[in-house]
Structures are given as structure tokens and as C-alpha cells.
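Going in written order, the chains are labelled A, B, C and D, and every chain counts its residues from 1.
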Amino acid sequence: MNIPGSGILKGMAVTALNFVGSFLDRAHAKRLITEQYPEERPTLPEASRSFPFLIFDGNPETGIRCVACKICEKECPPQCIYIVQDKDANGKAIRRPKVFDIDISVCMGCQICVEVCPFESIRMDNIYEVSSYDRFSALVVSKDKLLKSNEYYHQIHPTEADATDARIEAARVKKTATAKAAAEKAAAAKAAAAAKAAEEKAAADQAAAATTTQPEQPAQ
Amino acid sequence: MHDLLQYLTSRHWEPAPEWLFLIPALLMLAAGFAAVVLRNLIHCALCLTLSFIALGVLFIALGAEFVGLVQLLVYVGAVSMLIVFAILLTPASEVAASNNPFRSFNLSRALNAAVGGFIVLLVLGGLLAAIAFSPHAQAAVLPTTAATLKPAAIGQNLLTQTLLPLQGAAILLTAALVGAALLAKEEKQS
Amino acid sequence: MNFLENLPLAAKKLVLDLVEAACKWACAKTGITLPDWGLSLILSLVSVLLVIVTIIVVYLVMFALMSVLERKILARMQNRYGPNRVGFFRWRLWGLLQPVADGIKMLTKEDIVPRGADKIVHFLAPIVMVAPALMLPAIIPYGRGMVPIELASGILYFFALGASTELAVFMAGWSSNNKYSVMGAMRAIAQMISYELPLIMSAVVVALVAGSLSPLKIVEAQGGSILNWFVCTPWGFVACLLFYISALAEANRCPFDLPEGESELVAGHLTEYSGFKYAIFFMAEYVGMFAINGMLVTLFLGGFNAPAPFLSFIPSWCWFFGKLAFLAFSMVWVRATLPRFRIDQMLQFAWKFMIPMSFASFLSAAAWCYSGNAALAWALSTVIVGVPYLVLGRFCFTRHHAVDNRRYLYSE
Amino acid sequence: MMLQILLAISAILFCIGLLAALTRSNAILVLIGIELMLGAGNLNFIAFWKFSAHPELLTGVMFAIFSIALAAAEAAVGLAIIIQVHRRLRTVNINKADQLKG
């Protein structure tokens, strides 16, 4: 027979066991899953992303991949990217950004800049402690802060970085191959052109010789 | 242990002065008057409750602590809540604009107030005169020895001398409970 | 051990002696001759103030501790940590300084009064709420010789003051000029009135057996060992449970916290209160909870008596506060376990179960008192209390109401 | 002298209640007035008990207790009637509630 009120006692037993258990089996992974944040930090999943950053290879001055093509600036939906192209001493534009600012208070982390970048130079970071007391200038991140090495990229998104590197390598290989092919082709073309020119010259000489003799013929 | 208790209880503590009972009494009168003349019905009910609280405190000050506590329990806990519920169950328009003879002038109302006030003054004068000049009241001025009220004595009295009235009150309360529930019940629309 | 037992009384005596000596010294110094009644008056006032200040400080400290421990215990029952941050520089102290942070936050918050509110009543409601709550602890016996006021009808005093919180709840709800506030206040009043009946009835049962309305007499009637506590009798056990459940309802504790159910009524009558006034409501609720638990200890759990004579080396007031702490813990425990009632379930539970059961325990106590033979008393009172319990428990709540088919306005 | 003061206070309270019952036209306020008058009566009982020759007989106290109990019953029934009147006539003004049929 089911005594009225026994269900309440069962429920109380469950909570009491939880209470005692939460003190006793601390090591048990299923209990107390709360992470004590500043001391314990979560290992972020690989796909996690927050704000974009710029990749450089080797040296941040010379190895920067970005060429200031401004595609990301145009594509960015909230328009949080600002780019100024660099110029050399003669005032001629060079393929390098002079200013590259991202306003992370505006950025929505949509990753479109990453999708559209043809030079694999902008990628998503996974930093999350970016709060500050200043609403404006502290949240506009400039180029020198945005630039991070390819090794860092490998650290935070290994799979993606490998894929990117493979792509760059493939592109480079392809490029050198095409360049070589083009060079060969050009050489061939040049040779052909030279041959042709020689041929033409010979033909022209012949023709000239012919013409010199030819007018005589109608004269005859 | 015992020495300490003895020491603390046997010390002479200054008793409260007698005139202190005037504080709850005046508070009671003021709150009662406010309950009668205020415009907002809820304020009236709250002032009435304050008046009842002061009356209960006055009973306690007069040595009838059991009666005072019963007064607090019944009036503050139950009757004032009943009144408040009744006010809220009547529409809001009447809560705001209960016709108060002292605010909006109107001949019949003014007459009503004047006649009522006259009767009240007459009654008050009569009562005060009776109190002032009655030989019985003057004879009974001697305060007897501090009358203490033991709950046990009240219980004894309820079950011996006043047993019949107690039964009567019980029947009446039951009848009132059933009657009030029947009266206030929503009638079924058939 | 005797020293610990006497510590509070000795402290009071010490303070009184010090004040007396100081008065005499000041008189001698200034040359004023203080009349006898003057010194007596000063000492009377000091003695009264001592008790008042002690009660307020003790209850506020308990409130502060409870507010953090409740969250921690609740968290542990849900396998979380709970607040464990606020500390002193680098010492965390398990987050026990959380109430300090909460208090500072509450005090520095803006006090908002709605434009349409009845300002005077809105201002008075927290005061009306907290004054009786702080007066409630005055009649509870905390230890041997430690009764702030020895009142012959102390239990009546307790319930008379407890009844006045309804008024404050109504004032708060009505003056806020907010429909959620009024609805919450109405629910709270309906709940308090409904559960006051079993609360008082189960206390009356004890008064019947102990033959007194004085809390001290009731505690003395339970002296000796745990077997003499009223909770260890059939009628007392049932009355104790009824009192406990009603106390949960009177203190607006879960599962009876529907007057301020966040999910449906925002916060009930507290919706329009902020800052300090809200803190006062909160404090009054917790002090009221401690007071009613203290009453439960006094009525059923033997008050300041030790459970066995050999344990009486622990001071009596420690026993009282230990029992109080256990009850406070159990209220958190219940809160962690049970879901909230619906309003109709709550009222049905009060009128169909609690009140009949309190009458049954009353009859059972009468049988206990007048049956003479101990075995007969046990059997009779168990039957008188057990049969209604089984019957009511079987047929009050297990009936399944036929639910009408839902009618849809537009989709059919 | 104290007895007279108490009786005077009680008389004033009674007259305040009477004022409400005579001049206010809201039924609930009339009921409030009646409650005040009952309170004045109770005060008289207690005052006479306090200054009686035999306070141990508890006569005044018993009267006051019964009076409080009856007043509670009276308030409950009275307010139920007022609610019923309001439900039928849509008013709680006693001057307008002048029909004999409901």
C-alpha cells in the first residue's frame, strides 16, 4: 500500500544524497561541473571563434599576408574594418596596409571577412577577455595588435590552419608551375617568334629579291 | 545560575508610569476619527486597523493582556482583512469617489451631516455629563490592587460559569460562517 | 560548562553593574545627587535595551548567515558551488562575506516609488512588515533564564503579532498600484489566512496538553529526555508536521512561495519595491521564519532542553539554536526538493487536509491526556490521528479531475 | 479619576463610530462605524473590570471576549450581505439600496 506523503520523502532523500555527495565525491566528473573561471579556464573547442586577426609569416613587418585589397572592408556587414593602403617614398601605392583597424565593439563575428579574403590573411581568433573600461578607443584594435603569427594560428585552430597552409602551398606550387609553364611557353613563343621572324625575314629577302627581279618581268 | 537569575529578577525595576496608557488611547481616537472622515475607503480601513491595534495595546496597558491579544488577533488578523476584501470586491470607482459629506458640498448631504453631527454631539454631551456626575463612577475611582489576568482563569471561567454562552457563541460563529459563505457565494447561472 | 551556560546572564549582570558604577561615579564627580528612582529608571531602560539590542543583533546575524548559507546549501543540493567568491582581500572565506556585499548593494540602490503609488502607504508597508517580525522573538525562551518577556499568554501574543503581517502585505500590494502586486498580495493574504487556522490549532493542541499558554511552561513540561518532547507522541508528531507545513506557508517559503512566484507574478507584492525597502521586506520575511521556527522548537522539540540528561553539559541556549539551525536547514532542504503549489491546490490542501488533520490531532491529544493507561493512550491517539491521515491522503488528492476539452477560439 | 478618563475616551470613540453610522452613506463605512462603537463598548467593559471591587470574577473580561467573538461574526455576515447587495444593485450606497425586491 502506498502511504500518502511517501513521495515527498523519496524526493527529500534524493536532494539529501546530492547534498552529501557534492562534498564527498568531488573528484567525480559528473558532479559540480561548474568551472571556477579565473582559476580554471575552459579548453575552448577548436571551432570557437570571437574576433578576426591578421596572419603574418615569420616577420610581422615583411611577412604580412594582407595586401590591402579592401575586399573584407567592403564585405563586412557591420562595416567594422578600416584599411588604408601604404605608399612608398615616391607616393606610389604598395601592396601592404598602412592602417588596419577592427572595431570589435561593432564586429559581430560573422566570419565573412575570412570567407572573402583571397590571400588567407585574415582569420578568426578565439580570445574572450577583451572587456575594458573604455567604450571607444580600447575596443578599436589596430594593426600591430591584430597581427599574429601563423604559429599562433596553428595553435588555436590546428585543422583549419593545416588546411590553409596546404592551400597556400598548393597555390604556390601551382603558381610556380604556371609561371614555369608560362616562362617555357614564353621562351617557346620567343623562339618560335624568332624562328618565324627569321623565316619571315628570309621570305622577305626572297620576296625582295623576287621583286627586284619581278618588275623587270612585267617590263618585259 | 540561580544566583544570577535571583539577582536579575529581584532587582527593583522601575514600573512604567500610569499615564502611558494615554498614548494608545489618543492614537486610537485620532485613527478612529481618520477612519470616519477620510475620502479613500482603503485609507479608512487602514486607519480603522490602526485604531484597533491601539485599542488592543490599550487593553494590554490596562492589564487585560489576554483580551488585548485576542483583540489584535481577531480584529487585525481577520476583521480588517475582511473589510479590505469587501472594499476591493466593490468596484474601483466607488473606492475613489465615496460620497463624503465633508468634501463636496451638496445641500441634502450638508443637512445630513449637520443633523448627524448634532445628534452625535448630543449623545457625546450626555455621555460625558453622565460620566462626570454619576455617583457610581465617582464611587468606583479606587483602583484595586493590580489586577492580573491569568489565561488559565479565563479558561476555567469559560468552562464553568460561562459554559452556556460559550456554546451559544460557538453555534453563532458556525452559523455566521455558513451564512456568510452562502451569502457571498456566486450564484450559478442556469 | 556552567560558565558557558551562564555566559549571557553573567554578561547582562556585568553590563548592568558597569552602568550602575558609571552612574555613581559620574554623580560623585559632578556632585549631582541622583534620586533612587533615577538610578532605577536608568538601569531599567538599560536592561530593556540590552535585551532588545541582543535580539535584533542575533536575528540580523542569523538572517545574514542564512541568506548566504541558503544559497550555498541549495546549490549543493543541485550539484553547484553556490556563492564562494566574496571575501576579504585574498581570503575567500568560502564566500561567507556575501551578505556584506549584498547589503552594500541594497543600500546604495535607487529607491524607486511608482508615480501612481499611494506614497504614504507605500512607505509605511515595510515598517508595518518589519516591526511585528522583530517583536515576534521576544517571547521565545532561548535558554534557562533567558526569556526576554515572560508572558502568561505568550503563544497568543505570537499569533496576534504574526497575523499583522497580512496587513503589511496588503498595504504593499495595494499601494504599489500594479496589478501583479495586488494579485500577489491577495494570494498572500488568502494563503496566510488559510494556514493560520492549522497553525493556531496545532499550537492549541500543545497548550491543551501542557495546560499553559506560556512558552516557558511548555518548555519545562518537555524536560528530561527526548522521550518527553511533544514530537515523540502520535498527536505531537502530527501537530508538529502541521505546524511545520503551516510555518512554511506563513513564512512564504517554497513550496508555498506562490504569492511572489517570479514566473507568473513578477515578484508579487514586492514588485514595486527596490533598494532598502526591498531589503527590509526580505529581512522581515527571514526574521519571521526564524521566529516561527523558534516557536516550533519551543512547542514540539523541547525548546532549550537537551535530548538526554548526559548531554546537558552543552549549554541550553546552544541546544535551542542548534535545533533552530536544523529547522532552517530543513526549510532550505524542502525548498530544494518540492515544486511550487498552484493556488487552488494550495487552498484545497489547507481546507481539505490541514484543518481536518489539526482537528484530528486535537482529539488525539485529548485521548492521550484522559486515557490513563500508557499503552492505551499510544494506541488510541495513533488510531485517531492515523485513520484520518490515510483516509484524507487517499481521497483528497488522488482523485483525478476530468479535464474539459480545450476550446480554441480561432483554429476550429 | 482614571476610570472617568477611560470612560470619556470610550464615549468619544463611540461618538466617532456613531458619526460614521449616521452621516456616511457607504455601507462599508457604516460597518466600520459599528465596529468602532463595539470597540468602545469593549473598552468600557475592560475599564470597569479593572476598577471593579472583584476583578478576580472576570465578568468584564468575559463580556469583552464574547463581544469580540460576536463582532467578528457580525463583520463577516455584514460584509457578505454588502457584497450580495452590491452584486444585485451594483451599489454599496445605502441610500440607493431602497428596493425590497432583489
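Simple rule for what comes next: a residue touches a chain if its C-beta (ideal position, glycine included) is under 8 Å from a C-beta of that chain, and two chains touch if they have at least 3 such contacts.
Since the structure is predicted, the reported quantities are computational estimates derived from the model, not experimental observations.
Simply put, of B-D and B-C, more C-beta pairs touch at B-D.
Taking each chain's centre as the average of its CA atoms, chain B and chain D sit 8 Å apart. If you average the Cα atoms of chain C and of chain D, the two centres end up 33 Å apart. Chain B and chain C have Cα centroids lying 27 Å from one another.
Per-chain CA centroids place chain A at a distance of 88 Å from chain D. Contacts with at least two other chains are made by residues 66, 70, 78, 85, 149 of chain B. Contacts between chains trace an open chain of neighbours here, each touching only the next in line. Interfaces, counted as pairs of touching chains, are A-C, B-C, B-D.
Partner chain A is touched in their complex by these residues of chain C: 73, 76-81, 333-334, 336-338, 389-390, 392-394, 397.
Only residues 18, 22, 25, 28-29, 32-33, 35-36, 41, 44-45, 48, 51-52, 55, 58-59, 62-64, 66-67, 70-71, 74-75, 78-79, 82-83, 85-87, 89-90, 94, 98-101, 112-113, 115-117, 119-121, 123-124, 127-128, 131-132, 137, 140-144, 147, 149, 153-154, 157-158, 161-162, 165, 169, 172-173, 176-177, 179-181, 183-184 of chain B touch chain D when the two sit together in their complex. Contact residues of chain A toward chain C in the complex are 3-5, 8, 11-12, 14-16, 18-19, 21-23, 31-34, 36. If you check the complex, the residues on chain D that touch chain B are 1-9, 11-20, 22-26, 28-29, 31-33, 35-36, 39, 42-43, 46-53, 55-56, 58, 61-62, 64-66, 68-77, 79-84, 86, 91-93. For chain B in complex with chain C, the touching residues are 1, 4-5, 7-8, 11-14, 42-43, 46, 49, 53, 56, 65-66, 69-70, 72-73, 76-78, 80-81, 84-85, 88, 149-152.
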